[in-house]
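Here it is, the structure, as structure tokens.
Labels run A, B, C and D following the written order; every chain starts at residue 1.
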């Protein structure tokens, strides 16, 4: 008789640090016949907080049983925790404006199996990228934003996100500021790519700011969206060397490659439950 | 009454992978009142081998008691293991030839507290760097190597290493090939810096080889020494961009910075028991 | 009356180094009312050879007149030279096999205006990527290669390249070795991306070779194709950090990003006449 | 009869861009029997300004004759220019506080011949680094700074700089803000290393600011000192990857290596006349 494929889980835990957490959790998993395929732990000694991510394979345990049984331990250690199942990937809504480089990159990686998610739809305030999105067999929603009254557009955006039962939202150069209520509702689930090495050059036209300042490196920052613009927890950053030879349009061109790479890395980690939020910072088990 | 300073241990384990290792080890540590400050684990799924490094603080357990008690677990899981004590840093012998850049860098880092070791002596086949070494209050041994008969020199080198009770040896651009017997005796304890991005340009004059080939990046490789030249387990590598503007002497100059950085990082990790040898490769918990 | 748009030229020169070249060439350009927008020069002092690339704008001079008038100077200084016109971009034929990442990247950059070329067709030994290529409105030729007799396929490939009047050919992971005659005929005009940091891991399955050796960085190399496999002049290289956590399939995945980036940079420079071949090396005015 | 060693000059020019500059200058050099060993040019098309640096060898021309003869051209093209002689290296005064890593690095590079300068003295507001400096045979001046009245200290500093006839001053982690008058007097000749990726984290304790913000890369910036703190023209920047594992003291430790490297590169270029100031930015012919 064929061996059933093992269940695959990810256990994400954050709790006050104290003696015995690893022992208690790993014993629980061993007792249930689970095997820890990958383990990541971090103790923030100053904050006295402990973070862990376990990649678990098990033939015995169902997700429901795991959650029910683990609840006792979680309460004992005052844990914030979740159990995710790679077999049920996140539902990711992508939001874009007119620029296509990040979208093209994400869709290609998704179609290549690099991003563990389903993409129910792409939402844009312009109609330009419809053909590209539909070529991948993904629904495209054009939701224009009226500068004089943005509320109706964002109501529609929120309705679509809700209707699609989105787990996460990625702003792949969306160029619009989300309303505070939406930021709060999806806290820790909206990822943005900012085209500078934050906290330098927050706000508009960062490459032109960088050009004016004469920096020798430009960068990009992937971060969680919060109500305060460009100030949320940073997931990933990277840079590209530039010189006096580069005009602002060269910075824009070179920056695109950094933006794509940084967003793809940050998003991949987020989708694999490798990013744990810790105040306004992140623990990334990459 | 003052709280005694906690003991600080590092437990390094490598064993066949199976269910229950983490549970068993972490429970043992918790039972002894030990706190895991930093934990690193790796499962090589293809090789079926498990690696771990635990940084442990404990008020109760002495190193002798730990070792005695742990032996049972170690046998049960067929572990290769060791317990090291940061309070008893490794004794490191540095070997150099005439070039000083790596030596200067290591001595400065050591004096700044970046390298957890004591340096009982520096051995060189030339007398050039004596003043520098002695300025740091470290003994300098000049052991000339006769090209016609190298055996006496290496006998003397081995005698010095033994007399100094060295835990590890670093070849900081020593430029001589160690005899096979010495390599075997100190297997996994002799670190070399090779001035190329191995396996490219093994052997002599790698920068000139790189120049001839017209590569656009040069590199350096920190690795454990084995009998086969430049073929031992790699600990760390890095590179530096070069161009058609650079003559061989520029590659030599630029390469020095990469050599220093790569050797310092690799050695630091080795001294902190972060490097586990796995066949001809390494697991580095950096 | 409207000012006519200025002519735009690139003058590429390589010749024995001696006093007076720059003076002679720049005076010629000034006399013709030409303005040097970008100038790059390199003297290889050992080889005694001089290289230059001038980006020139002129309202007066036609390309034919420039060429005719410059011939005198060229003969005097024994120059290898050419004058190219950005207004007449190169015709680039792309060859691929089944892997799409480099092709997708090149087509997107081309459609974004990042690559100064026209792409008359894509040739592949498999039919898999037809839909993608045709979406961009580019002709796709499927030329299967019979392992038992490759000659007919390469005759057809050569016929297509000739029919399309290709200036350059890029092997975007083509996975077939071109016959020597084709290499010779298009010397300096065929660009390959090799998925390793050459000269390490030439030949087949470089990521698996890299995994076996336990390197800490993987790389990619963009080079001109010569008869000797993976040994032609290197245009560009880059690397990506890896660790013991990465299985061969992770190296393959991570390597794709390096391959794309390195090929795109190298090809862009080639198309802008920024790469001058110098023996088995290159001078790259990037 | 032996050939006399050729004179070696560097001609640095900045002027309004127009047709014929290169022709005029290179013809002048050729007429004088000079050979251009290395040439760098840059046209800022927006600002309409042209920059050049020529490395010249000549058997005939003396520096005085060159300067006198060139004056006519300079006036014609409204040039800001200078001719420097590598045989007469700059006199560099180093200023430090208590931290030694940059000083150690600079002194070692200087003693290895990597920095083309003489170092008449080191000035510090503390006496800690005297032994190190004097080991290199360099004079050490201890000039304590009274926080309640800094003027006398800076008067003494200025007197020393003047007495030593310093061409350039490098603040190798000096930790004191120079008075405006000193900044103005030595405009373009005082180089600072700031321990952040400017404009992020200007001012005090940048690594702690970086830790608080949770950035994933830290950096360092080498720039010319102006009256406005940390706002002068940037010469060079670089970064180092960090993670949630790093405490502020780790950032400090890792940052030291970036600071050293960035300062050494920026200073080397400055000493070789490769850095041309252009408003609040730099043109770096590296």
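Couple of notes before you dig in:
Definition applied: a contact is a pair of C-beta atoms (placed from the backbone, for glycine too) under 8 Å apart; a residue touches a chain by one contact, two chains touch by 3 or more.
Predicted, not measured: the structure shown is a model, and the values here were computed from it.
Looking at B-D and C-D side by side, the one with more C-beta contacts is C-D.
The greatest centre-to-centre gap from chain C, using C-alpha centroids, is found for B. Distance between chain A and chain D, defined via averaged C-alpha coordinates, is recorded as 42 Å. Averaged Cα coordinates give chain C a centre that lies 37 Å from the centre of chain D. Contact of a single residue of chain B with at least two other chains is seen at positions 45. Interface residues of chain A, counted against chain B in their complex, comprise 19-20, 22-24, 26-27, 29-30, 33-39, 41, 43, 45.
Listing the residues of chain D that touch chain B in their complex gives 100-101, 104, 108, 112, 114, 135, 253, 257, 261. Note for the complex: chain B touches chain C at residues 42, 44-46, 197-201, 213-217, 219, 233-239, 243-245, 247, 278, 280-284, 286.
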